[in-house]
Each structure stands twice: as C-alpha cells, then as structure tokens.
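You will see two complexes here that share chain A, one where it goes with chain B and one where it goes with chain C.
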Partner chain A sequence: MSVITLQLGQCGNQVGGQFFTSIMDDLHAPLTAINMSKQANNDYIQESQETFFCEQKNSSVPEARAVMVDMETKAISQTVTEAKRTGRWVYPERQQLHQKRGSGNNWAHGFCLHGPVVREAVLDMVQREAEKCDRLGGFLSLLSLAGGTGSGVGAYVSEMLREEFPQAFMVNQVVWPYRTGEVIVQNYNAVLTLSHLYQTADAIVVMENDELHKICSQLLSIKRIAFRDINRVICHKLTSFLQPAQPVETRTGYGKELGSKLQLLVPHPDHKLLTIRNIPQVSDRAMEFSTFQWTGLLKHLRQMLIASAPMEEGINWQVKVEETPRGSSRHNRSLAASLVLRGKDVQSADPSIFRDPSLYSSWTSADIGLSVSTQPRSFCGYEKCAALISNSRSVVQPLDHILEKAWNMFASRAYVHQYVKHGMSEEDFLDAFVTLEQVVSSYKSL
Partner chain B sequence: MSRGIQVRETIELLCRILTDNGASLVEAETLRKAKFDKPEASGPLWQLLFELTSFSKYGKIASSATIAFNKMKTEEKVLCVKKEMQRKGYLSRAFASLPPDMQGGSRELLLALAWLIHTEGIIHRFMDNRSSPVDDDVMSLYESVEEEDSGDHPPFTDKKYTPAQRVQQLLMLNHKLRMKIRLLHAAQQEHATLTHKIHNATYGVTLSPGMNHLTTMQTHMLRHPQEMKKVLTLLEADSSRLENLLQWEDKEIVFWEWMDSVLDLKVQGRVDGGDSFSSDAEGAEMGACAARTVYLDVPPSMGADIAASRRNLMNMILQFESAIEKLEELWETKRSTVSEWELDQLLTAINAEILQLQSTLGREPNKERCLTSRGPSLALVKNKSESRVPAKVSNAVAASSQSRDIEEDTAAPIQDEITRLQMEAESLERELTAMRRDCLQRLNTVAETDPDTICIIPPHVRKLCQ
Partner chain C sequence: MTQSIVVQVGQCGNQIGCRFWDLALREHAAINKHGVYDEPLSSFFRNVDSRYDDPANIPVGGGKGKVKALKARAVLVDMEEGVVSEMMKGPLREVFDFRQHITDVSGSGNNWAVGHKMYGPQYREQLSDVIRRAAEFCDCLQCFFLIHSMGGGTGSGVGTYILNLLEEEYPDVYRFVTSVYPSAEDDVVTSPYNSVLAMRELTEHADCVLPVENQALVDIVNKISQALPPTKTGKRTYTSVLGSEAKQGSAISGGDGGVVKGKNERPFDTMNNIVANLLLNLTSSARFEGSLNVDLNEITMNLVPFPRLHYLVSSQTPLYALADINLPPRRLDQMFSDAFSRDNQLIRADPKHSLYLACALMVRGSVELSDIRRNIDRLKQQLHFIHWNTEGWKTGLCSVAPVGQPYSLLTLANNTCVSNSFTDLRQRFTRLYKRKAHIHHYTHVDGMEVGDFADSLESLDSIVAEYSELQQQMDRPPPSQPRLKVVT
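And then the complex of A and B:
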C-alpha cells in the first residue's frame, strides 16, 4: 500500500520535509534501541518504506512519494536541499511545481487564479506518482489554513484529486493558525478552506499551533520555539499514527491500509475532523531519566481525551465521565477513536478503559468506535508510547472561535473586496459559513 | 450370490459418491437396513435427504447447511424436508405421514431418496461441479486465510434508539459501507496490476497452449515446489471423485433394480399388513394420526378453488364438445392424406424459422457464455435438451448453436458488450441527474411553502445539478 503526500504551500512543504525525515529517523534507529529481532525489524522497515518511499533504479537512496506545490520558490528549494543533505532520502526530480509571485495570503488568489493555472501540471505529477504504486492507499495532503497558497491552492487541488480519483482515500492534515496570529485574514482563509475540504476529503487531521506551542514550551522545554520545532511535533504525531502497527482484532494483514483505518475513524459523513493526542512527550534531556508504565500512560491519555486536554500537563482531573441531571455531559464524547500502542510489553497494556460506552456518543458504541493497534517496536526513542486519534467534540471549540471572528469581520465586509476582485462572490462566503455551522452543530450533538 | 455382491458394491459406490461431494457419511449398511424398514436407519437418511434437497436448491452442500441442520430441532428438520420434497413434486401420502420424531419409516425414506436422486439428476449435477485444484482462480485456497470470527450479532440491536439516533446510525453504516467498497476497488486494482506484472515477467514462457505467458497459479507453483505435495493430494482426491462418478454410469442399473426390489417389498408389505394407508374411506379413522399430509404453502381456499376450476373445465368441455369432435375428424383426415415427404418439408421449414429467430434475438446467451468460458479445459458437453420437441429438430438446433459457439471470436462480442455497457452507464447517469434535479425542485417547493424552514444546499450538489 502506498500513500502519496502532497505538500502545499510554504508550511506544507516544511512539514512534509520534516515528515519524511522523521520516518527515516525512525527506520534507521539502531537495533539495540528498538526491542525487536532483525528479521521483524526488516519487515517493519520494508513495510514503512514501501508506503512512503519508492525505490530508485540506479541508487540505493529511496525517493519520497511526494508532490510539492508552492507559489514561491524559496520553501521548496530549501526543503529539497535539506532532504538531499540527510543522505537518507531524496525528493524525486520533476515532481515540484513552483512559481514566482506567491498568493499574498489571499485564499481567492490561490483558489481562483493559481488553481486552474497549475491544474494540469499538478495532475500530471500526481498521476506519474500514482502509476509508480502497486496499490494506491490514499493521499496525504499537508497544508496550513492561514496562508494563501496552502489554503487556496490546497482546496483547489483537493477538489481536483477527488474528481480524478473518486475512489481514493484522502486525508488532509491542516495546521490551525495561532489565535493571535499575524495574518489578518487568516480566519477567512481558514473558513473557506475548511468548508471546501469538508466536501472532498475523507478525513481532516487538525493540528493547532497554540497547542503545539504549549507542548514545545512546557513538555519539551525548548526556550526559543521556531517553526522547525513545531513541525517536529506535528510529524511526531503523524508518524505515530501512520507507521505500521498491527490491529488487535484481526490477525491477518487486513486492517493496515489507510482506508481501513479511515472507515473506523470517520464512519459518518458529517464528522470528519480528527485530533491526535500523544503520550509521553519529553525533552531529550529528560528522556534518560523517565520510565513509564502502560497503566499510567493510558490513564493519562484517557483523562486527556475526556477533559479535551492537548497534552499531559495541566489536565483537568476534575472532569469525570458522568451525565448531568439534564442528560447532557460535560466530558468530551467521541464518535470513534483509534489507539496505537508502541513499545515494550505492548501485549500487557490494557485498553479496556477506553471501551467505556459513556465515552462515546449515545448512538454508537465502543465495539464499532474503538480500534486498538499495537507495535512492539519502540518508537522515536520512547520505550513505550501511545497515540490516540479521535473524532470527538473537542475540535468544536477552536472551530467556533474562528467562525465567530470570521463572521464578525464579514458582517462589516472587511477585506472582502480583496477576495471579490479575484473572482469570488459573497455567496461563496455565506456557503462556507453555513457548511461550517452545520459541522459545529452536528459535533455539538454528539 | 454374485448378484448380491454386485448390489453391495453399487450401494457402496453410491455412498462414496455422496460423501465425496459433500454429503455426510452414510454407510451402505444403513441403506440396506432401510430396505427392511429398520428404525435405526431413519436418522441418517433424514439428514441425507436434507442435504440433498439443499443441494438441489442451492447448488452445493454448504457447511452452513450442516450447522443449521444440527441446530434445528427434530420436528423442524422433518418439516423442512417434507416441505422441500413436496415442492419438488414428491406427493406420496406415505412419505408425508412419516412421524415427526424420525422414528421408523426408513423404507419410505429410501424410496424418497431414490426418487430425488433420479428426478433432480443429482449425480449429473455432481459431475457438473468442476473443482479441479489447478484451476486458476482457486489459487486463493492456498493462502491460509483465517476466518475472522466477528461477532455474530449485528450492531445496534441491543438497546432502544430514538428515530433520530437510528438515522445517525444508518448514515454511519452507509458511509462505512461505501468506504469498504472503495477498499475493495483498490484491492481489485492491485490484483489486476500484479497479475499484469506476472504476465509481463513471464512473457515467452508458457505451459498451456493458447497463452503467451504463465498464469499466476503456475508461477506460484514454480516458486514453491514444496507445495506440490499438497496439490498432488488434492488432485488425487479429485480424480478419485471423478472415477467414482464414471463407475456410477456403468453400474447404476444395478442400483435401480435393487430399488425395484425395495418397492416390491413395500407393496407386499401393504398387501399383507392390510390397507394401512390406502383409501379415503378410511380417512376418518386415520384422522387422528395422519393429521397433516400437505406441507406445501397452499392458500386455504385451495380446495374450493380446485373444485370451482374443475366445474369450469367441465362446462367448457361440454360447450365445445362438438367443435372438438369436428377438429379431431379433420386431424384424422389430414394425417392420412399428408405424405412422408411433406412432413419432412414442414420440419425443415420449422428448423430454418427457429434458427432465424434465434439469431435475431441477439446473441446474448451465447455472448455471456463466450465471456465466461475459460480456455481449453475439461467440459462435459451435454446433449440432452430440455424441450419435448421431437429428437430430430432438437439435435439439429443444438448442433448448430454449438458450432457457432466454437467458431465465434471472443474479441467481437466483448467489444459489443463494452459499448453496450457504456451506453447503459450513460443513460443511467442521465436518469440520475434528472432524478436529482427533480428532488431538488421538490425540496425547494417544500421549503418555500413552510415559512419556518430554509433549504441549504451543499455547493457540490448545486454544481452537479446546474
């Protein structure tokens, strides 16, 4: 199974570069650190490499299955050179598209102007990539919501891919802007992108800059946080989800494809937003002195889920799983969740606390909602680590926030002329608002 | 005594054939005991009847049938079998009155079994079941696919859910199903890509005539020669099955003669034992024990309907009696005057007309056969036709259709199929857009009439219908 990555916009390209580097770091971890036999390790490496990389004919360095799109040249060339510098992998040639002038943080500029222009070229590159695969598992698009290229061109490219590959699975990983972000129209861009992506993508993985920043500062003790550190956290989360792991319920290879994971996580067409919570996340210095037990890790993870906390510090332990007298619940309810456990003694970990039916919406149950996968190979230097990908209500809060801000701006028609002059109309804005309001209400009713 | 030995061998052959083809194990002794109406032979015979009726209904004896059989209670089993037999037309009163607790009556069961084997041509259907282990698409049997014991209760049946919740559940299940279909689609594409790779890689080497490369099966065998043993055992089992069937063709006459003797015994028993099941005059006496003999689903007014139809028919006959007599006279005169030669002419004219009609009906039945036919492989060519038309005509028709089959090129019909399917797909698409537009209009009118509702149309749907 192969996953083709699309890196859209400056943020998307940087995250993409870091993504492949993280995978390579994981695969090249020394045998002593990973708690596995050589044969099993080779199987793991082969499986992971087959998914994200492609063997080159005349060199041993594998090529990433990636297509890069940006309207400026800087980000792409930087990422490509960095990749070559690691010596472990490269980007395939002629799979990059860049232009000179950029999109000026304007969604309409990206969607209406740049999109149709680059359509043929991008489609060509994607099809070339798809032909190299034996089995196309799906597409992973990396983009940010605030800018112009990633969001505008990204939305256009998603629609184009959906038309060309109607049966393929599409996961979009979106980077949510800071609440006090620098781009004035980031809320417009976010609202427009999300509403368009909701129609075409199968799943949207949300990573909020604010939360990632907190993780970097509090857990990883990084003094001066740059985008590079944030990207590393993003990729850590993504790889802990996407690297091979054996689903517990089925003994054969079935269930490892991206599509099977998705049909468990996003079974309902109205609920497509996913969040990833990791535990533990410690800085390199603290790693030597920390040991963990599965029970403790899972308990913390569960409380993180219930209290909608993004990390294991500052969890509100007061929030309990119970119904208030009027029937609503204060804790965070999910539609579906996927638990990935990696590390030593993974068989002894007991995920039954996640099977509590009150953690899930009233009309679904843990039998359908929860899937557990295990992988005995240690991951990223952590002896034991767990990741919980959930489709739950906690994602509504930032969405609400953005909608409110965007609506306030729209009510006074601020900056709307910038968008209208590139070919959009106010109706498109209204459509976007309406779609997202529907999403919010369906999540609130979970 | 050699006669007796022959009989024994034939019965054992029959038992072997039945076991080879999936029925449960029956000993020859059981059948012999059944001839003499021994009670211990009934149980296995009921099971055998059940399996054979399900075979003739579904085409194979599935393991699920055996499981279902074991789960059912005795009365249910008896009911099921009786119903099936009556549906096929075995209207023996004696069989229908067999006790529901499977005690006794084994001779009746034996007779019913023989009737079923003969009428449904079960042995011939066994022969049609081709299951050669070197067939290409049986490859999947070699992968050790463990069966997932997914929970055998469907989800969402335990609690009570409100309609709103039900709607959400249905939406969810529907979407999940679509995703799984997409997974299937991807798997099928992968299958095609990999098969293509194998065929490309083995271009120029071939083990079967007519192909230019090795099949997937053959490549797998070449790579894993240690699996030859498994294949050999399977092949041996298959060939012994076929041998048994071949022997049956020769020896079945002995079996039927033996069945004659069983029937004689039964008639004799009836004469000696005195009219237990004979006439309707004793129906009142039998009312208590032979309570129910009809197991078909007949509407309760059937008796009255039959009587009414009978009256109708008699009236009609009386009405048209004179006309019928005249027709018969005419037929007689014609028959004596028309010569042999004229008959032949008539027959050839009818033949030609039938051929013409067949060709104009479109070659669809032949085409389907061409598309699904495998390459050179074992095939039993049946010469029996199902119609009651005189032998000369049917043979001529059968021969001509067969020759057309073999001569036809497979490429042409496939192309026609493709264009036909494409046109069908386009017309379906048009229908779909028309229906979508219609539904949207109706939604809009509903929204307009009710002042409290707004209709919000997702943009991609609006785009589709513009």
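And then the complex of A and C:
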C-alpha cells in the first residue's frame, strides 16, 4: 500500500521535506540502536519505503511519492535541493508545480484564482504519481492554515481529489498558526480552509505552532527556535503515527493501512479533527541519562490526554476522570483514540488504562474507541516511546479561539474587501462560520 | 519570481531613485559574488546583450548565466532636464536605458495642475509607451514602485497622473507609492496645495502609500551624525560605492538639511539613502530566500484592512552599525524597541501612543523565529491594537542581511498616528486657501477647476475622519457582536 504526499504552499513544502528526511533517518538508524534483528529490520524498512517512496530505475536512492505545489518558486527549489543533499532520497522529477506569483496570504486568491488555473496540472501530477503505486492507499496533504497558497489552493486541491478519487482516503495535516505574529488575516484563512476541508477530508490532523514551540523550548531545550525545529517536531509526530506498526488485535476493519486507521479514528463525520501526543520527547543530550518504564510513560500519556496537555511537562494532575453526563465533564473526552507503542519490551506494556469507558463519549464504547498497535523496533533513538492519536474535545479550544478572532474582525468587515476582490462574497464567510460553529458545538457535546 | 518596475518622477523621485539603484547594485554585488544573473537580480534588473543597438534581453534561464550588462527596470520622468541628464552622464548611466526616460525643459513651476492637467495628458502616449516597454520585458510583473515628492509640481502632478494611468492599464499590478511630504518650513509656497491635491489621487488610486516626511529624515540624519564618533565610519548605508553625487537644489527641501559630513557626501544623499533602503528592505523578502517569505502582495493583504486606509508608517533599525560587534545580544532586542520609538519613524509621529490597525515586522539576517516571538510578546504590552485585531502582527524572515550588517528590521504600521501629519498638512493648506492665495495659477491651467481644491480637501477630511473614528475605539471599543448560535 502506498501513500501519496501533497506538499502545498511554503509551509507544506518545508514540512514535507522534513517528513521524508525524518522517515529516512528512522530507516537508516544503525542496527545497534534499534533493538531488532537484521531480517526484521529489513521488513520494516521495506514496508515503510513502499508506503512513502518508490524505487528509481537507475539509482539506488529512492524517490518520494510526492507532489509539490506552491505559487512561488523559492520554497520548492530550496526543498528539492535540500532533499538531494541528504543523499538518502530525492523528489521525483517533473512533479513540482509553481506559478510565478504567490497568493499573498489571500485565501480567495488561492482558492478562486490559482485553484482553477492549476487544476489540470496538479491532477496530471497526482495521476502520474498514482500510476507508480501498486496499490494506492490514500493521500496525505500537508499545508498551513495561515497563508494563501497552502490554505486556498490546498482547500481547492482537496476538493478536486475528492471528486477525482472518490474512494481514496484523504488525511490533511494542517499547521495551525501561532496565535500572534504570522499573518494578520490568518484567522479568516483558517476558518475558510477548515470549513472546506471538513467537507472533503477523511481526517484532519492538527498541529498547533504554539504547542510545538513549547515542546521545542521546554522539552527539547532549543534556545533559538527556528522553523526547521518546529517542522522536525511535526514530522516526529506524523511518523510516530504513520511508520509501520502491528495492530494488537485483529478485529474486522482493523488493519495497519491508512484507511483502516482513519476509519477507526473518525467514526462520525462531524468529528474529524485529530491530535497527536508523544512521549517521551527529550533533547539528545538528556536522552543518554534517561530511562523509561512503560507503566510510567503510559500513565503520563493518559494524563496528557485527559488534561488536554500537549506535552508531559507541566501537566495538570488535578484533572480526574469522572463519570458525568454528556458535555459536562472536566476532563477531555474522546470519540476514538489510537495508541502506537514502539520499542523494547513492547509486549509487556499494558494499555488497559486507556480502556476506561469514561474517557470516551457515551456513544462509543471503550473497546471500539481504542485501537493499539505495537512495534518492537526503537524509534528515533528512543528505547521506548508512545504516541496517542486522538479524536477528542481538546481541539475545541484552539478552534474556538480562531472563530472568535475571525468573527470579531468580520463584524467590523475589516479586510473583507480583499476577499471580495477575488470573487468571494460575505455569504461565503457566513457559511464557513456556520460550518465551524457546528463543529465546535458537536465537539463540546462529547 | 516576479518583477517590479520603479517609476521615478520629478527631481526628488529621481534623486531617490538614483540612490536606490546604486544601493541595489551594491546589495546584489555583495551577495552574488560570481556575477551570475539570478532570479533575485532579475526582479529589478534586466540582463542585456549590449552589443546591439536595441539590447536584446537575456533571460534568467537556469540562473547560471553571467551578467552581461544590467539595465534597471526603471522609468525616469522629469519635466526639467537637469537631474535626469545628470544621471545619464553620471556613474550609473550604464544602468539606465536611454529609451526609458521622458523629460521636458520648462518644469512644472511647483504647480500640481501644470503637472497633472497639462503635462500629464500631453505626455500620456509617451508615458504609456515607455511603461509598456518596461512591462513587456517582465515575464511576471507584480508591482510598480512610484517614487515622488508631494510638494513640487512634477512629482506630485505628473506622478499622480502616472498612478492613474497605471491603474487603468495594469489593474492587476500592485501600485506602491513612496511619497516624500514637505516639511513645514518648505521653501515652496504652494507645497500644501500640491500635497493635498496629490493626496486625493493617492487615496483613490494607490494600493499602498509609504509616506516619508522630509523633516523626519533630517532628524534621523542628525541623530546618526550625533551618535557617530567623527573618526569612525561605522555607518553602512550612507556611503556610496560608486560615489555618485546628487545635485543640489533638491525638491525635497531647501537646504534645511544642514548635515554635511564626509567629503563626497551631500546631505540629500544621506537622506535619500534612507528612503532607498526602505525600498530595498521592503522587497528583500520577495527577492531573497528566507524561512518566512513575504511577497509584496502580502503587505497590502495584511496591512490594509479598509481600502482607503493604505498609508503605512515605516521605521528602520538599527540606524547604524556599531564598530564594536561584541556587544551583548540585548542589542537585538534593542533593535526591536528602537523600531517603535518616535525617533526612528520616517514620518514625525508617535505610533506608541496611537492605535495600531496592523503591524508588520520585516526582519533580515541572523535572527531566529524565537527572537521575533520574544520581542512581539514584549512589545505588544506597550502598544495599542484595535479591538478586532489585537494580534495584528505580520512577520517576515529573510535570511540575507543588508550589506555590512548582521541583521536589520523594517516595521510597517497601519497606525492612526499618520493622520496627525495629514491634519498638519490640512492646516497649512487652509492658511493659503482661506485667502484664495495662488489659486489663479492653478485655475489658469486647462481642465483645473476651483472645485478640485474643495474636493481634495474633502477627500483629506474623510481620511482623517476615518482614522479618528478608529482612534476613538482605542479606549472605548464598541460592544462585540454575538457569535452565530448553533440550533441543536
């Protein structure tokens, strides 16, 4: 099974480059560091490579199954060069599309103008890439919500993929902007993008820059944080979810492929927003001096989940799981969750504390809500590590914040003329607000 | 990569333009060591094979070809010959295409009407041809930069006429205008008339205006010369590599600059360099690589919430590079603080005590994301933002620093303080207008009506009113509108 990655906009392309590099770093880890036999390691490498890369005819360096789209040239050419420089993987030729002029942070410019212009060309690239797959498992789109290209063209391309590949699974990984300081119209762009993605994507994986920034500074002890640090954390999260792991039970519809993972995590179309929590995350220096036990890791991870914390540092341990009626619990309730455990003695890990029915909404039972996969191979230098992908109420807060800000701005009609100029109307804004208010309300009622 | 065309009009516009091209060449020479015609260079320059009479364009291609001869993507317009013909003889002459300039001999006599209503229509066809020729050399023209002064006749009159022409013929290309506003002691008596008449055109037809006040430039230059010990030449941008000289009698001010230092430097050069650097820093992120690129269209998108309120107050820091580079990293934070002090603004205004509608930080050089975030968190407590845009920051990170400096910061702010300058201007305007002084010089020109004065004043008033209405929301934000309710 293969997954085609679409890199959209500057952010999407930078994250994409890091994504494939992170996978390769994982696959090239020395045998001494991974706690695994050579044979088993080869199987792991093969499975991962087949998913995200394809072999080149005349070269031993694999080629990423990727399509790159941006409206300006710089980000793409930079990413392509950096990939080549790793010596471990390259981008396929002629699978890059750029225009000369960016979307200027304007969602309408991306969606209404650039989208239709690039439609055919993007579709050609995707089809070319799809033909290289023995079996197409789905699409992973990487984009940010703030800008104009990733968000506007990204929303357009997602709609197009849905039309052209109605059966394929689609995950959108969206980078949520910092609360301040990136793009002033980011809340408009985010509201418009999310409302469109909600109609087309099977799942939306949310990465919040503010939280990633905290992880970089507090857990990884990075002094001067740059975007490449943030992107590395994003890719650590994504790969911890997407790299091969074996499902513990074999129930119907429960496989290791992208589609079945998503089906379990998104049991209801009103709830599509996923977050990924990882433990442990420490700096390389601290890693030498750290040992971890499965019991401790899982206990922390569970508290991160119920206290809705992005990382293990500074979790609120006061939050307790309570039996309360729908929509009123203090702890973060989930609709579904997927636990991926990687590393030494993984069989001994006991995930039963995640099977507590009070963790889940009243209409999903814990045995349907939770799926567990394991992988004895160590991951990214961690002897043991766990990732929890959850569809939970914790996304309400950032979503509510964006809606609030965008609505305030919209009430003064500030910046609206910039969108109207490219063919949008005030009704389009209102539709987007309505869609997302509904999302907020259905998550709140979990 | 997109291209931009600089349209420099009048004496002041051409002198600033001249400094711009000089500094732009210097910047690219410092970065592009092998003399390759690459994409960043192509945004403002053509590469031509000058063996031919009408030099053929050499495209960027793979970005590996050598520079043969560079031609500025510029259009030079003046209604006198002096400045432009001086430039055509000066050290930058090779850079300008002799087909790309339009001059007359008699000047506009410091009269907006002569520039706008007489020379404009008279030269319309020529202007249109010259601009079209420059535009046809671009494969993706994104932006026009108009440089002019507000006080004189040609810059304000012909300049705003060209602005209309650009809007008509290239509606999709952005129009950025750098306007030099006269100081209160300007020696041109009619400068308030010219400025107010020109302002109406800027309000209606520009996408974005970067007002620069002559007096603010003088103050900054004074500040720099005081801060620098006389022996050290730590300042970077105020010396010229080519040593080209500006001519005296500049339209931007009648000699009240008064900062003469160095041998070859003229006071106007240092002032014009500030403005030239403004344009270089503004476009750096669109030209060079960075982890957070800011294209030019993003500037209007983020900083112009309402179409007419497109006047951006700018500041550049640090003003000078200190000789001792071993200063503590606090200097980086100081750069951010300085950018918000009233001393560093290119108009005389105090943004800190007025209301921000939006603010952009365009950073160049060795600055990391976390440095910017730390400073935003620190600064936002001292600044007032409008209630619907409390987090109204736009940031750009360009990895290429200006020549000779580790880093630099350009801030662009849409701030209500800009209207104070407009009110000042209005006062000077009404002082003349009350007595109908000099009006007949204007109405003599065909097509100029007395009503144009009243209309322009009204346009100015409405801008001031819009800003002050917003300013009032600083202390008393209106009640917020309830969000949409979901019916369950």
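What we mean here is this: the second predicted complex is superposed on the first by the 437 of 446 C-alpha atoms of A that agree within 3 Å, B and C clash if a C-alpha of one lies under 4 Å from a C-alpha of the other, contacts with A are read in each partner's own complex, and residues count from 1 in each chain.
To be clear about the criterion, contacts are C-beta pairs under 8 Å (C-beta built on N, C-alpha and C of every residue); 3 or more make two chains touch, one makes a residue touch a chain.
Predicted model, so just to flag it, every value in this text is computed and none were measured.
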Would you mind checking whether chain B and chain C clash or fit side by side on chain A after the superposition? fit
Would you mind checking which one, chain B or chain C, touches more residues on chain A? C
For A:303 in the superposed arrangement: first (chain B), second (chain C), both or neither? neither
Touching A:259 in the superposition: chain B (first), chain C (second), both, neither? first
Based on the superposed arrangement, let me know which partner A:199 touches: chain B (first), chain C (second), both, or neither? first
Output check: A:100 vs chain B and chain C. Expected answer is one of first, second, both, neither. What do you get? second
Between the C-alpha centres of chain B and chain C, what angle is subtended at chain A's, in steps of 10°? 140
Report for A:438: first if it touches chain B alone, second if chain C alone, otherwise both or neither. both
After superposition on the shared chain, which partner residues are touched by A:185: those of chain B (first), chain C (second), both, or neither? second
Considering only touches as defined above, state whether A:268 meets chain B (first), chain C (second), both or neither. first
Would you sort A:135 into first (chain B), second (chain C), both or neither based on which partner it touches? first
After superposing the two complexes on chain A, what is the shortest C-alpha distance between chain B and chain C, in Å? 7
Residues of chain A contacting chain B in one complex and chain C in the other: 434, 438
Sites on chain A touched by chain C in the complex: 10, 14, 72-75, 78, 100-106, 109, 148, 178-185, 213, 217, 223-228, 230, 403-405, 407-409, 411-412, 414-415, 417-418, 430, 433-434, 437-438, 440-441, 445
Would you pull the chain A residues touching chain B in the complex into a rising list? 134-137, 167-169, 199, 202, 249-252, 257, 259-260, 262-263, 267-270, 362-365, 367-368, 428, 431, 434-435, 438
Considering only the defined contacts, which chain B positions touch chain A in the complex? 145-146, 148, 151, 155-156, 161, 165-166, 168-169, 171-173, 175-176, 179-180, 182-183, 185-187, 189-190, 193-194, 456, 458-460
Which residues of chain C touch chain A once you look at their complex with the stated criterion? 1-2, 39, 139-140, 142, 289, 291-293, 295-298, 300-307, 357-358, 361, 368-373, 376, 380, 387-389, 391-395, 480-481, 483-486, 488
